[in-house]
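I am attaching a structure below and will ask some questions about it afterwards.
Which chain is which? They are A, B, C, D, E, F, G and H, in the order written, and residues in each are numbered from 1.
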Amino acid sequence: MSADIRWDHHREGRTAIPEVVFGPGKTVEHVVRLFSEGEGFRLATRLSEAQMVALKDLATVDLVSRTAVREPRPMRSQPPVGILTGGTGDIPVATEAKVVLESLGHPVKSFFDVGVAGIHRLHSVLPDVKECPVLIACAGMEGALPSVLAGLVDSPVIAVPTSIGAGISEGGTVAMHAMLASCAPGIAVVNIDNGFGAACVAIKILHRLVREA
Amino acid sequence: MSADIRWDHHREGRTAIPEVVFGPGKTVEHVVRLFSEGEGFRLATRLSEAQMVALKDLATVDLVSRTAVREPRPMRSQPPVGILTGGTGDIPVATEAKVVLESLGHPVKSFFDVGVAGIHRLHSVLPDVKECPVLIACAGMEGALPSVLAGLVDSPVIAVPTSIGAGISEGGTVAMHAMLASCAPGIAVVNIDNGFGAACVAIKILHRLVREA
Amino acid sequence: MSADIRWDHHREGRTAIPEVVFGPGKTVEHVVRLFSEGEGFRLATRLSEAQMVALKDLATVDLVSRTAVREPRPMRSQPPVGILTGGTGDIPVATEAKVVLESLGHPVKSFFDVGVAGIHRLHSVLPDVKECPVLIACAGMEGALPSVLAGLVDSPVIAVPTSIGAGISEGGTVAMHAMLASCAPGIAVVNIDNGFGAACVAIKILHRLVREA
Amino acid sequence: MSADIRWDHHREGRTAIPEVVFGPGKTVEHVVRLFSEGEGFRLATRLSEAQMVALKDLATVDLVSRTAVREPRPMRSQPPVGILTGGTGDIPVATEAKVVLESLGHPVKSFFDVGVAGIHRLHSVLPDVKECPVLIACAGMEGALPSVLAGLVDSPVIAVPTSIGAGISEGGTVAMHAMLASCAPGIAVVNIDNGFGAACVAIKILHRLVREA
Amino acid sequence: MSADIRWDHHREGRTAIPEVVFGPGKTVEHVVRLFSEGEGFRLATRLSEAQMVALKDLATVDLVSRTAVREPRPMRSQPPVGILTGGTGDIPVATEAKVVLESLGHPVKSFFDVGVAGIHRLHSVLPDVKECPVLIACAGMEGALPSVLAGLVDSPVIAVPTSIGAGISEGGTVAMHAMLASCAPGIAVVNIDNGFGAACVAIKILHRLVREA
Amino acid sequence: MSADIRWDHHREGRTAIPEVVFGPGKTVEHVVRLFSEGEGFRLATRLSEAQMVALKDLATVDLVSRTAVREPRPMRSQPPVGILTGGTGDIPVATEAKVVLESLGHPVKSFFDVGVAGIHRLHSVLPDVKECPVLIACAGMEGALPSVLAGLVDSPVIAVPTSIGAGISEGGTVAMHAMLASCAPGIAVVNIDNGFGAACVAIKILHRLVREA
Amino acid sequence: MSADIRWDHHREGRTAIPEVVFGPGKTVEHVVRLFSEGEGFRLATRLSEAQMVALKDLATVDLVSRTAVREPRPMRSQPPVGILTGGTGDIPVATEAKVVLESLGHPVKSFFDVGVAGIHRLHSVLPDVKECPVLIACAGMEGALPSVLAGLVDSPVIAVPTSIGAGISEGGTVAMHAMLASCAPGIAVVNIDNGFGAACVAIKILHRLVREA
Amino acid sequence: MSADIRWDHHREGRTAIPEVVFGPGKTVEHVVRLFSEGEGFRLATRLSEAQMVALKDLATVDLVSRTAVREPRPMRSQPPVGILTGGTGDIPVATEAKVVLESLGHPVKSFFDVGVAGIHRLHSVLPDVKECPVLIACAGMEGALPSVLAGLVDSPVIAVPTSIGAGISEGGTVAMHAMLASCAPGIAVVNIDNGFGAACVAIKILHRLVREA
């Protein structure tokens, strides 16, 4: 299949985000080859167990987020992106966003398990949250965290619905629709479990922030 | 059609809730007759403009909740049911619940426009909310209010999704599903815009509370 | 991940319901540690086979409801919560509700397999059902049991749709929507298969019943 | 458009049901012409106000069911089809079925407003219901009537979901899916509000019953 | 769990259909016990591999329809129920209907693989199809077979949508909705893959046919 | 708003289909101006009553299809596109396709009201249908016509679901999904009521047929 | 109802976005009072005809976007937010975003009618588009514009699905889901027709950009 | 089951497409027998691993598209059908279309991985794409490729939504609906992952092209 793939070498120049390896549907051999060839930054997401095992000598593999990173970019000196989760079940998705951001040199500060069923947990971290110029809020079930958060801060909130849930909320559609329907202005939503996509929005914001400065 | 109707005279004895007139699909004449015949308590909900005009000399008509009440029951001496709304758009539904409760003698305390986009509004009324043995929380859009509320109180929360919303949340299905999916335990949900149904659940709780005492 | 978890120690004081361990997404080690540390009441739900095996010396594990209980609260002297099921397939969900209630000291009386396809079964247990101040009705497929029940009793009915079904009703959405749409007033609904959630609503009702008495 | 219509003259011989005029999308003139031309039996359903006014000298117009009948067939001597409704709102749909059956000579017995919120109403008419060789049960909202009914009788139950409902059940999809999902065997379902379709199934059953006898 | 089960011994007398064992959710031991106890007719559907293996000495097990029958009723002398399928993939569902009917003494005639993509196949068996007083038509994908069939015959058509399909039709909802939406009158629909339910409707029709004769 | 519109003058050269005026959302003045300016071919679809009245001196307005044509292209000498409908309700959609094709010089032959509830109607026109190199089949309700048709002919079938239907099929989604799910190969589907889109596919086929010849 | 409204005076300080008047559900008198009281900035969206007429002497009313602005903030000197639309039907939504941004002092540059059916239109404005640090892309129907755009620029793309469409895409759900599903990274989505929400996300981004500078 | 299968020997003469073996639901033995009997062309699609292994000596098995071909037809001399994919994940579906076309003698030219996230990839192959008289465009996720393509070419575009996606787009429904909703005229859509169906439409177009020539 190799001849059929058109690697988009100029993507980062054009869009501020380099091409990234999406694990599903790729053979282990294919993924290994992509991390063996050439040099410099390489990032893979949504890796299978077998893909992670095969990459462990070629890259830094993170089992929670199912990612692999080769030659990450140097960390920049800038205020961190804040990443929040409603529960512990949302941590893999949040960690995918964290790995994408950090591998490309953007510092991150995590605030996990601060969901609305115990709203005091969010209040207790709010001063630190407010320091972050961009926020990523991951939640499953009823997906209420971004709505409460957006009413408390002046940073943009990128909402990531997660597939964590049961019954009607299993799979994440309820959380996603609730985030889109939020009564709190200033929320933008990405696809279910799309930590990668949320990180990309954050990177584009930060990239232009630097470019405009 | 009159001969076809089987009025359920024993419903209150059996279920603690008397039969109530549901406006839609009934002619003005039919509704007027039901309020002209017999005596004692009578309650109608979801009335049309024409039905409300026709009933105004026969009952206390409330334009906000589209209800009519004849000979309400005397008010009991008991702690009030708390009724909360996320926004002002939810007030008609909340008021339907209020009229049903008050007409059957159950005191109510309202906390309107305390939605999660400005969570301080809920915190400011919380002490009074906590005094209520049963809470009814009405919200449209993302429907997050009951989730935040249930994490703060030890009373049961009856959640009423409202049809208030736009785009994906128009009609109330998103709010309803989000309430069912809540990460906060102790929430029970009724149908969209069903202030009447929420009041009935509250009445059955209060009825047994008295019966068991 | 342990550092990321914010255990909500004050939840019971605030909401009448202590924090409960939700099995899915937790490692066996994590669950074991939560039952090894500290002392006093601990409850876990939705446990996997492996989690149940690992907990069997640390707690009372129930295979039907997939729950584990450590140091249950003493049983109170009060009328029982009635738990009904439409069929035998709904028993695991009903049992989850039962374990939650009993572990926190609330007596339960079960009425299983009394669904509407043989309505005489419900009639035969009705006198005992009527003694219960709160009812939990679990049903899958068309979910009609709570509708028939609510027309026969003066207690609140907490309806639990189950995922038992086939074809269009597989997964429980049809039962859930039918329960929300019920023509019988006084029904409040929780998420699909959410025996835990139904028990929490019942506990909050009973808690306030005691507090108000 | 007249030349484009291919009237199916042999439909009754082939299928036991003559071609019927479906009102929606037809001009008043078109409908009038169809009742002015030729002779013998003619039936129209789902008529608009204007169509009903225009037909009132050409046919027996029924305002409740929005039907018109010209030269009905003589009534047969056979046990009646039983038609039940859950509430009064279902009566228009039930009456459409009744008019179709009676206009083609099949006697009908009605049992209206016998829904499950007051199950004693169904028990009180049950002996008469059991005499009917075919039953048509119309219900909106949660659509539970056919499920309870089918567990009590040995006749086939044709279930007609109606669009009567509010919130999630508005439009009839919840009732239709609940009927298809019924735990009670021996139920067959037609489209929402399709009283005509239910009558056609009954006619085909009765037609073969006679043919086989 | 055994004490919780309320076997409905009078179901056949009341509804013409005896209680049947539904495999899913029952342990192998439970199913075996139900076929070991007592005597006379017993039928089980939707059996797992393990349940079928365990029953093979106690009943006639059919691998295609996943059913088991003990002591079937004697075959009656009456015209057969016609069972049609659109494709070969629908045969397991059709066979479930066939086993249910034959085990209760009702003769069946099968017309398999006569779907609308080659409509001549249906025309070629039509004379035999027309002899059947009741027809069961099973189809997946677009579910068009019952619509074409109902326009050609004067018997009632019980339509069984099957889960056979791909893409948008996988699972059978498209076929089910298309059957309910049919432009051909005289079709009644059961749940997806519900061969058992279709057979029950047919049995109730035939039972009353005999009773009325 | 005029300055904001970017008329795509080269669309026909690029895609074989000139830019067409879509009525909805445009003011009457805007539509009139588009038909007053310049010269040559102009086509508008989905016109409102007011738009049609305003255009009647500027173009040939067709009330059935709600279209207007200015300076149609000369008719070509080629075999006609066949346009079929299931019922008379589908004729407006079919006529939109017809007007688009004829206005651009492609002959059409219509076969209306040949739906599957009376399949003999389709058989009777089949020889003429087979002469057409491209077929457009419009149907609402269960949408079975293209499935039957595609099994009988060697031309490509462009299926147009229509919004004609009732209950579950109202709006056309059932018909659209059924057409996509068809068991008959060689069907391609366009959006609901999209006679224009079907005509465009036919035009592109015929355009290349000429170009390749 | 006035006493029930809790105006959130500190919202702008907390969230960078002042409270805005949402027209639907408010009486004309209520809206007029909100624009008559106090002084300084006031913005209303989604106004009815009557509300717009009543406000025309109190504010700058825009008929396309159905907004009213009183005392807009002075325009800042900063690069403009780029607002793109796929078609002309999306202009009202785009204009709502434009009015919100401009009224709060953020310059805007519009690129309307640059949808993917004629991709050259997007390429021709691309150099100007690339100058904008934040982009808002509005599209209905298949909603492809943000996907193509995000592959061409290094700014964040806020995607606004619009309700413009027909058949399956009417109402905007298809466009919204397609935007969430985009293969192009760096897209964040708001609710259907939510030009206001998109503007709020842009404002929060620009606000932090200034704060961090 | 063999006796139940009615092989449609005349299908190719009638519809230009021979009967094809659909793997799912068939035993390995059954599939092997179909490739062992008779002679001449035979094609199977959607084969399982076991079916492919069993056929490897009887036919040319393609692992990517899960197809098997026996005695393909000689390749014709005609311009190729163009097959495009948005990403590499769509290649199996595209290859199914390719195998069907080539096995029946129609040449194919592939343009894989030319999706809209990097639109320059499509522009770079456009001259070759324009030479193809029929185009098949396969895409998952947001499904935008056919919309962009149809605005650039004068050939008909057969759009194949694929199940490739994540979150809301998993399974392909979003891509399918987006393709049907396209703002670009001249697109016709087949079922999700239906490479076979797309090839059949192309074959019918090419067959008539030849027949008319």
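Rule of thumb we're sticking to: a contact is a pair of C-beta atoms (placed from the backbone, for glycine too) under 8 Å apart; a residue touches a chain by one contact, two chains touch by 3 or more.
Since the structure is predicted, the reported quantities are computational estimates derived from the model, not experimental observations.
Shared contact partners of chain C and chain H, listed by label: A, E. Of all chains, the one whose mean C-alpha position sits at the greatest distance from that of chain C is F. Between chain A and chain H, two chains of identical sequence, the interface residue sets overlap only in part, with shared numbers making up under half of the total. In the Cα superposition of chain C onto chain D, the rotation angle, rounded to steps of 5, is 180 degrees. Once the centre of each chain is set as its mean CA position, chain D and chain G turn out to be 50 Å apart. With each centre defined as the average position of its C-alpha atoms, the distance from chain A to chain D rounds to 56 Å.
Taking the mean of the C-alpha atoms as each chain's centre, chain C and chain E sit 35 Å apart. For chain A, residues that reach two or more other chains under the stated contact definition are 11, 117-118, 150-152, 167-169, 176, 180-181, 184-185, 191. Looking at which chains touch one another, you get A-B, A-C, A-G, A-H, B-C, B-D, B-G, C-D, C-E, D-E, D-F, E-F, E-H, F-G, F-H, G-H.
Interface of chain A with chain G (complex): residues 11, 14-17, 20, 78-79, 133-134, 150-158, 176, 180-181, 184-191, 196-198, 200-201, 203-205, 207-209, 211-213. Residue ranges on chain H touching chain E, taken from their complex, read 1, 4-6, 8, 11, 24-26, 46, 161, 163, 172-173, 176, 191-194.
Across the interface of their complex, chain H is touched by residues 86-87, 115-119, 141-144, 147-148, 150-152, 165-169, 174-175, 177-185 of chain G.
Against chain D, the residues of chain F that register as touching in their complex are 64, 88-89, 91, 110, 112-114, 117-118, 121, 164, 166-169.
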